[in-house]
Every structure is written in C-alpha cells, then in structure tokens.
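The first chain written gets the first letter, and so on, giving A, B, C and D; residue counts start at 1 in each chain.
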Amino acid sequence: MLSRWLPLEKPLVEIEEQIEELKRLAVRENMDLSDKIARLEDRKRAAMQDIFQDLTPWEKVQMARHPKRPYALDYIGALCSEWVELRGDRAYGDDRAIVAGLGRFNGRAVAIIGNQKGRDTKERQERNFGQASPEGLRKAQRVMELAARYKRPVISFVDTPGAACTPEAEERGISEAIARNQLVMSQLPVPIVIVITGEGCSGGAIALAVGDRVMMLEHSYYSVIAPEACASILYRDPTKAEDSAEALKITAQDALRMNVIEEIVPEPLGGAHRNLGRMCLTLGEALDRALSELSALPPHELVERRYRRFRCLGAIEDYPPDVAAPQDTPGE
Amino acid sequence: MRLDEIPDDLMTKCDGCGALLVTKSWLRDFKVCSRCGHHTRLPAHERIELLCDDGSFEEWEAHLAPRDPLGFPGYEGKRTAAQLKTHLKDSCVVGRARIEGRPVALGASDFAFMGGSMGSVFGEKITRLLERALHERIPAITVTSTGGARMQEGLMSLMQMAKTSAAVARLQAARVPFISVLSDPSTAGVQASFASLGDLIIAEPGALIGFTGARVIEQTMKIKLPKDFQSAEFQMAHGQLDMIVPRAKLRETLAQTLGLLLD
Amino acid sequence: MRLDEIPDDLMTKCDGCGALLVTKSWLRDFKVCSRCGHHTRLPAHERIELLCDDGSFEEWEAHLAPRDPLGFPGYEGKRTAAQLKTHLKDSCVVGRARIEGRPVALGASDFAFMGGSMGSVFGEKITRLLERALHERIPAITVTSTGGARMQEGLMSLMQMAKTSAAVARLQAARVPFISVLSDPSTAGVQASFASLGDLIIAEPGALIGFTGARVIEQTMKIKLPKDFQSAEFQMAHGQLDMIVPRAKLRETLAQTLGLLLD
Amino acid sequence: MLSRWLPLEKPLVEIEEQIEELKRLAVRENMDLSDKIARLEDRKRAAMQDIFQDLTPWEKVQMARHPKRPYALDYIGALCSEWVELRGDRAYGDDRAIVAGLGRFNGRAVAIIGNQKGRDTKERQERNFGQASPEGLRKAQRVMELAARYKRPVISFVDTPGAACTPEAEERGISEAIARNQLVMSQLPVPIVIVITGEGCSGGAIALAVGDRVMMLEHSYYSVIAPEACASILYRDPTKAEDSAEALKITAQDALRMNVIEEIVPEPLGGAHRNLGRMCLTLGEALDRALSELSALPPHELVERRYRRFRCLGAIEDYPPDVAAPQDTPGE
C-alpha cells in the first residue's frame, strides 16, 4: 500500500490508517470513539500543514510525479460536460502519450491537448510515460489548427518528464515536431491557456506550453532539464538530483518570480490527488477567468501579446531598447 | 596567425582519421580533412568569415552579456573561463553581412563557449537577428554548433526556445527567408527550436544532429545504436534536411539558393 | 417492408460470423450483428435515414444522370442494370437534412450501384453538396462506401478527384466543417480525394479503408498481408482516423461533434 | 541492344544499324557510300513517318514507358540554368521517387516537382519506378508551399505508373497524401503548370497534376487506371491491355478533346528520347508561354480560374445552372 504513497506522506498515511482502524473498531464493538478520532483528525491536519506548507524543490518533484497524481484525462473528465477525443496525426500514427480533442467546459467549447501518463504498468508503457513522440505533437498541432479554424480556445495540460527518448522519435524528427509546435502555437489566433499539472520538463514540455497564460499547480515543477540528468552532468552523480532540483529553481514559486508563469493554482492540502473535486473547482475557476479575459481580445492583439510575453523573457545585461523591461527584472 | 606566416612543414592531425595534414593546406580547405572529409568545428568568427564577403560583417548586439539568474553553482566561473578562452561575451555572434553582394542577417554559435549552449543572451541575440531581418527585409541565416539549452540558466534557457521559434514564425509570415545551417553538433534545445524551422535546412557532412543524445537513449532503452545514428546523412535519409553541403561549397550554395528564393 | 410487418421468426445470416439472427432485431440494430459486431453495408437511402431526423431529408440534384463519355464497352448495360437494381440514377445521393435539429448537407454513396464508384455524376453531386454547404454555411457530411473511381468514365472519373478535393479546400477556407464518415469499403480514388480531407474523419468498425487493394499489393510485392490490413482499426493505429464509431452511436457522435465545432 | 528499343521501333533500328555499318565500312575501306547512306536515311525518315504518325493507344503507352524516355531530371537539366534539389518531408523520410527543388528557367526562378524514374535496375528500385510514397508527395507539398511563400511559379513533371503500391505506403497514409496534395494545389496562389511527360496514371498522377495549365507530350498517356489493371477487371485477362488502352481513351489527343488538358506538346519525330534537345526547345517554349500568361493574373483570379477549370469537367446529363458548360461538351 505504501508504495503508492511518497515517503514524505508516511506520517500522514499512518495517522489515516489509525483513524480507519478506530472507525472499524467503533462499528465492530459499538463503542463511541469519536473523541479519539477527532483528536487524530486534528493531528492529521497538523501533520498535513507541517508537511505541505514548505516542500523542498525535490519534494515538489516527488509530488509532481506522485503515482496517484491526476492526469489530463482526469481533469478533462471532471471539468468537461462533453468530451470527444480526436486521434492520429493523419500521416504516421496515433501517439497515446498525447491526448487531444474537443470538450465543453463551463458551457464553452474548447480544444484540449495534453500529455497523458498511464496509471498501471501496461498503460504507462502504452502512454510512454507521457513522453510525446513526433506523431503525438503533430496530432496536437492538427487539433490546434482545427481549433483555430473554428475559433475554439485551446487548453493545454502539460505533464511530462520530457519528449520520447527513443531512436524512432529521432528518426521521425522529434526536434522538428517540438520546434514546429512552438511556431504554430506562437501564431495561433485563438486563446491558449497552459496548465502545468505535474512535470513540465524540457523540450517535451515547452512543445505544449506556448500560450497566453501559463499556470502551474502548486506542487508541479517546470524545468529545462530533469533534475537527475542535471545531476549527472553537474555532479557526475544522478543521485544528487535533490541538489540540482534546488539549483535549477523549478518550483511554481520560482517560475512565478521569473515571470515564466502568470499564476499558481493552489492545490488542496496534501496535494491534488487527495481531493480531485476540490482541485478541479479551483482549477476550473482559474481556467474560466483566463479564458474569459483572453476571449475579449481580438485575435491579432492576442497573438501580439503572446509574442511579447515570451519576447521579454531572459536574463541579460542589456535590455533591448524597443522592448519594455518586465516590472520585476526576470531572474532576480 | 595569417596563412602566409605558417611554416610549410607545420602539421595538423585530423580528428576524424588521424592523418597528419599540412596545416596550411588544411586551413586553406577551411579545416576540412582532405583525406576523410572530416569537418572540424569552427569558432563563430571563423564561420562568419568563411561565409561572407571580405570585411562585410558588422556585428550586432556585441554588448549583450549573460547574468546568473538562478545563482547556479559554478556558473559564474564557467562563464568567465569561457569568456577568457573565446574572447566572446556569450556563445553566439550575430550581425549584418553580405554574401556575394547580398545583404543578410547572419548568426553563428561558438561551441567553444560552454558547448555553444543557448541561454538568455544566445536566445536574445537570435531573436534580435530575426527581428532585424524582418524589419530590414533581408534574409536570415543561422549556423549552429551547440549542445542545446544552457542548463545553468534553467527556465530562462527553456523560454529561449519559444522566443526564437516565435521570431521565426513572424519572419516566415512576412515572407523573408530563413536558412538554418547545421554544423557539428546541433542538438537538443536549439535543434528543437529555431534551427529546425528554416525555410531550408542545410547540414555539413557528418554533423551530429538530433534531440536526445545517443548515449542517453542507449542507457534508457538498453540498446546499441548504429554508428551513423543522428549523423547529417541519417537525418537526410529521414527527411529532416534539404541538403548536405561540404564547407567549401556552403557560401555559393547559400548565395544561389537565396537568389532562387528572391530574384 | 416495415419492421412491424416482419414475422418474429424470420432469420438473417450474418456475413461476418455466420450466426443466424432474428431479422427484426438485426434491423433494429441497424444491420449490425449482435454477436460479432459485423456492420452490413447500407444502401444510400438507409444510411441517410439512419443519420438524420425523421423525414428531414430533402434530396438535391436527383435529376443528374451519367453519360458514357468514352463509349466504354459494356458501360451502358452495367449502368442500366444498376439503375434497375437500386432505383438510383447513379451511385451517390445528396441533399439537405437535419441531425438533432441542425441543418446539414449530407451525401452517401451506394455500393450496390457499380461498387459505389465515382464517375462524373458522383463527383458533380459531391461538389455541389460542398458548394451548397458553403453557400448556406451548413456543415457537410459524406458517408462513403465505394471501390474508388469509375473506370468506365476514364479521365472524367480521375478529374472528379481533383474537383471534389478543391471543393473541400474552399469549404474549409470558409470555416464550414466537413466530416467524412468511412463505411465499408472506402478505397482508391474516393479515399484519395475528398474522403480523406474531412476536418474530422470517422470510420465504422471493421470498415475496409485504403488506396491500393490488398490483393494487388500481395501480387505485386509477393508478400502476404495480415488479416486486419486496411481495416478501420489498422487505419486508426496509423493515425488516419479521429474515431471509430459503431453505427448505433454515429448519429449522436456527429451531432455532438458538430456542436463542439460550431456552438 | 534491341531490348532498349520497342518492337515498334524495330524497322527503324534496323535501318539505323545498316547506316552505321555503311559508315564504318566507308571509313575502313575508304569508299564513298554517301549515296547509299542518303537512300537509307530517306528510308529511315519514311519509316519514322510511317511508324509514328498514327500510333495506337497501346503503342503510346509503350512510348510513354520507353526505357530511353527522358525523365524529370533530364528535362530539368536541359531547361534550367540553375537547379537546387530540396529533399525530405521534414517528418519521415526522403522519397527518391519524387524530385523537388528550385530552378531557374529562362531567367525565371521556379519551383519544380516531379516523378523521377530510374534508368538502370538499381536506380529504378531506389526511385521505386517513379511511384510516389506519402513522404514524397509531402515533400512536393512542402516545396510547393515554399514556392507560394516566395511567389515562385510551380512546374510539375508527371511520369508515373501510379502511387507506391506497398504496405508501407498504406500505413503512412498514401490516400491522405494524394488527397492533400490536390487540396493544396487547388489553392496555391502561384501559377502551376503541369507537364505529363510519360505515364500519367491514376491517383499517383493526379496528386501532382492539379494546375492552371495541363500539357501532355505527344506520346504520353493519361489514365484513371493502368491498362493492364483495367484489362484484369474488364476482361479478366491482363494481357488484353491493348484493348483496354483503346477503351480508356488515354492519349493526349483524347485528353485534349475531353478538355482535360490544354495543350499537346509535339515530340520530335521518333519520340522525345530520339532528340532531347529538340524536345526541350519545344517544351521550353510551351512552358515559357504558359508561365508568362499565368504570371499576369492576380493570385485570387488564378486560383478562381483553376477551380473553375476542374469544376467544369465531367460527363453528366444536366449541367449546373451556375457553371457555364465548356464549349466542347466534355467527353464527346
């Protein structure tokens, strides 16, 4: 049972098991244990506060990779009243690591793209751990172009340890597919809202993350490189991932400070997987607000602002004279 | 050191085949081995000199220098060492040049500066290059030699992928040509952004081109990859390149192709 | 024959699995086998009835009839026989309909008429359907069941491929949706034109979809092809389809998808 | 030697061999045989007239497939002062059955696409006999879109027995690729001139043949289906290809009568392969005339006329009220 939980959740899970035990006992022996249970519930709340208020970057990475973490289809299922998944790149295959389709969210028809990880061993392999192959990115591109044609805004759920790391992905042009997606997204004449729900790692993430608003769930991470890979290079020791997670500044809080994202979406205490309903309520509100604001803009203005949004990002000694420096100097 | 100052008997060993080559001839061959065709990596300024009309290069944005947005361990020192070694502020040089008389916006990365990696300055310079090309309506050419995004600037580096890709999108929408030249190596975050988005993509023979490194794939997948995996020739067979052009022909090919696109 | 006139003990043999099915249930299941899921081919008018709101279909261009542009041996006779058998002038029926209240331009081909082949009349009717959909700004839906271009009209048939593809291009440029539904079989010249160009492409389970016939490939290449070659499921795995939808769900899927594209 | 010649050329080749023999003899024996040779030359001319003035459809098919027939790269080499071949579809591979690139023709920069057959056994296989795979058609599409971006007209050389007939072509969506090419060509805002130089067979041909002007070389053929395949279906006997070639009306003369093409480009007596220089002179003039005329039209007018061009084709009982019937009723 514990294998489905993180080490950092251990104290919590132990209290939860005690509560369960007491509840069973109360029923079996017909005893009133409500006092004891209430005290344990208090302890549980306190432990939760304690554990989750100040996660280290490496703990955030663990949370983002939590085996119970909700995935794109979980959010889609909870947020959308209708959903039609669209498959295939019309040229080579259908990559199950990427989902794409049309949905109805708060009455609004939207296109949705996203990484999809698998829950069990078999599905994980089928979904290639959420690592997109070129045909998956090209499917996403096709559905985004469909969205543009019929003026549907796009929501992108990012949750990937990176793009597919296979010889086949190289053979079919994973570089080109990542690059092309960014190019297409930078010009798409409809609102694009990005939500980094878990792992936002490397080229596989930015391939789905060029948009007007970028949000991160509280315990997700966003990084140019996986902490393990960074540790291999930096310390010649992949087990020093904890240190490189720290060094890379990959938390939502860091990304917000660097103007890389606009918004942190708070997770329920204990993380998104402990209360999907509540998570979706918060996320739904954030998405609705963003879509409403963005839908008010004419397409050319939207695209221009999106360009400026990314144009301003970078930590350099000299800002271009024709581009206003962001209010908080990035990277400080 | 000028070519006429090099003694006739000074030799250079080819990294490709190990042959001993007369340095003077090797330099006259643009650092290409006359035995095995191995293309030695060129520093940015040599690359620019090779491609453009004599004395036509006018550097842009030379004042841009990197910062350390994450306070990343060891970045400061590595950067300073690279600056001292290369006499560059960062890994990328851009400017205006002429190729057979035609004005172009030309950029080149320098592998000797932290593996030619793309951090904020690299991304900013390429973006400004593409924006100026658009503004002046002159074709843009980039020559990459890079290991990808610069880890030490974290998310700031990742954002340069989106930024440069968006700048290419604008240039192409305005019908101003962009040619991407891939020299050894062109990989990871740079290859997965502007470098793969040229109207035309040209590679030098034997250049390593890809996204994930072969060693990482071999370790992850527990397989052995063929020797030519991710070579320019492999990428050509897999539809990713328009042409493979040996260094000696690169300049005339660029001039001819631009002529066919524009005149 | 109306459903309530069919005796309860009348049986139909499934072409897929050979099971004996109660005809009444089989018809109520839209000619889909309850055992193996085999989808029997539907005549154009049954297909239209299945998809649209009761009595909403208003046929267009029913007067268009084929000619014999090449004086092709035997064409006259084959065509007349097909006309007598199907009570159609040619292999394609088009018109306006409503699907859950929404007006659509709907076309269906009839395999019983010379293999649902596309000659001039088929091509003209599809083109007019797409043009009217554009003019009235209502979505277009085609349901194909065809062996491809009609050999007996020679180049006239080949030209229908370009003509219908061009009409789709115009419809999509005007942002009017076009959904292509592929039923068994959808091959050759039709599959290589408008039927592959839907904004969305939906297939019925098990439908044969492809360009060159499996037998021709086997003979030419001297190979043996797997049993599911060119099935809808094969095409889905190879990225050519958005959805595979069983017949009973087709109408609601179309309605929902159009709602998501338009409302 | 004769295997490189068609049976119908046999009388011709025999006379040519006699001429060669006499010439050799004249040199060797220092004799004046010019009279004899002149008489043979006359006979040769007469034989040529006789053989080529009235080829049957099946003989035209043989001519179109002639092993010495010039291919796209032969025409490109002879017609263009510059040529840069562009490779790859940027997604899967580089199909050698299709060539695409930029060239300079009569001072004008153009994009050129075309089928390319191989000359010897090895090259034939490499080029898959000029039968395009999806990636080849997608390469052509990419180069046409490049041409449109930089306002270069497109010349398409069609010479194919059909699209690739392989399981791989089916797997990668040969139908979609053929369809998409037609769609893209129907909307391309630059002039497109098609030359059917040899075989213009089936979907593989129309995939490269949607343009403003369609020309056929005198001894090429254009057909919805290969005569052999038609015979298999019609007579259950592929050897009756001669009859089906007749029935299918596949000659340039038939195509012109049906308004499927605008122009027949005359071949030198004996066929294009007997005088490539002369063939290119005639073809070059026809291409130049067409490009000059078409370049005068504004892009939207060009595209509109192209639409109408194909829109009018078809043999039906009732013409649409909104479309003018062509002057010669098609198909009669």
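One rule holds in what follows: a contact is a pair of C-beta atoms (placed from the backbone, for glycine too) under 8 Å apart; a residue touches a chain by one contact, two chains touch by 3 or more.
The model shown is predicted, which means the values in this text are computed figures rather than measured ones.
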Identity of the chain that, by mean CA position, is farthest from subunit B: C
Interface with more contacting C-beta pairs, comparing B-D to A-B: A-B
Inter-centroid spacing, subunit C versus subunit A (mean Cα positions, whole Å): 41
Distance from the mean Cα position of subunit B to that of subunit A, given in whole angstrom: 33
Chain centre separation (subunit A, subunit D; CA means) in Å: 54
Contacts with two or more other chains, residues of subunit C listed in rising order: 238-240
Residues of subunit A touching at least two other chains: 90-92, 172-173, 176
Overall pattern in which the protein chains touch one another (line/ring/star/complete/other): other
Parts of subunit B lying in touch with subunit D, wherever the complex brings them together: 172, 175, 177, 199-201, 236-243, 253, 256-257, 259-263
Touch list for subunit B against partner subunit A, complex: 63-70, 72-74, 119-121, 123-124, 127-128, 149, 151, 153-163, 165-166, 168-170, 173, 188-189, 191-197, 209-212, 216-217, 220-221, 223, 225, 229-230, 238-240
Footprint of subunit C on subunit D - complex, ascending: 163, 165-167, 169-176, 178-180, 182-184, 186-187, 202-203, 205-207, 209-210, 222-225, 229-230, 233-234, 247-250, 254-255, 258, 260, 306-307, 310-311, 313-318, 320, 330-332
Of subunit D, residues touching subunit A in the complex: 90-92, 134, 138, 172-173, 176-177
Residue ranges of subunit D in contact with subunit B within the complex: 82, 84-94, 102-104, 109, 135, 139, 146, 149-152
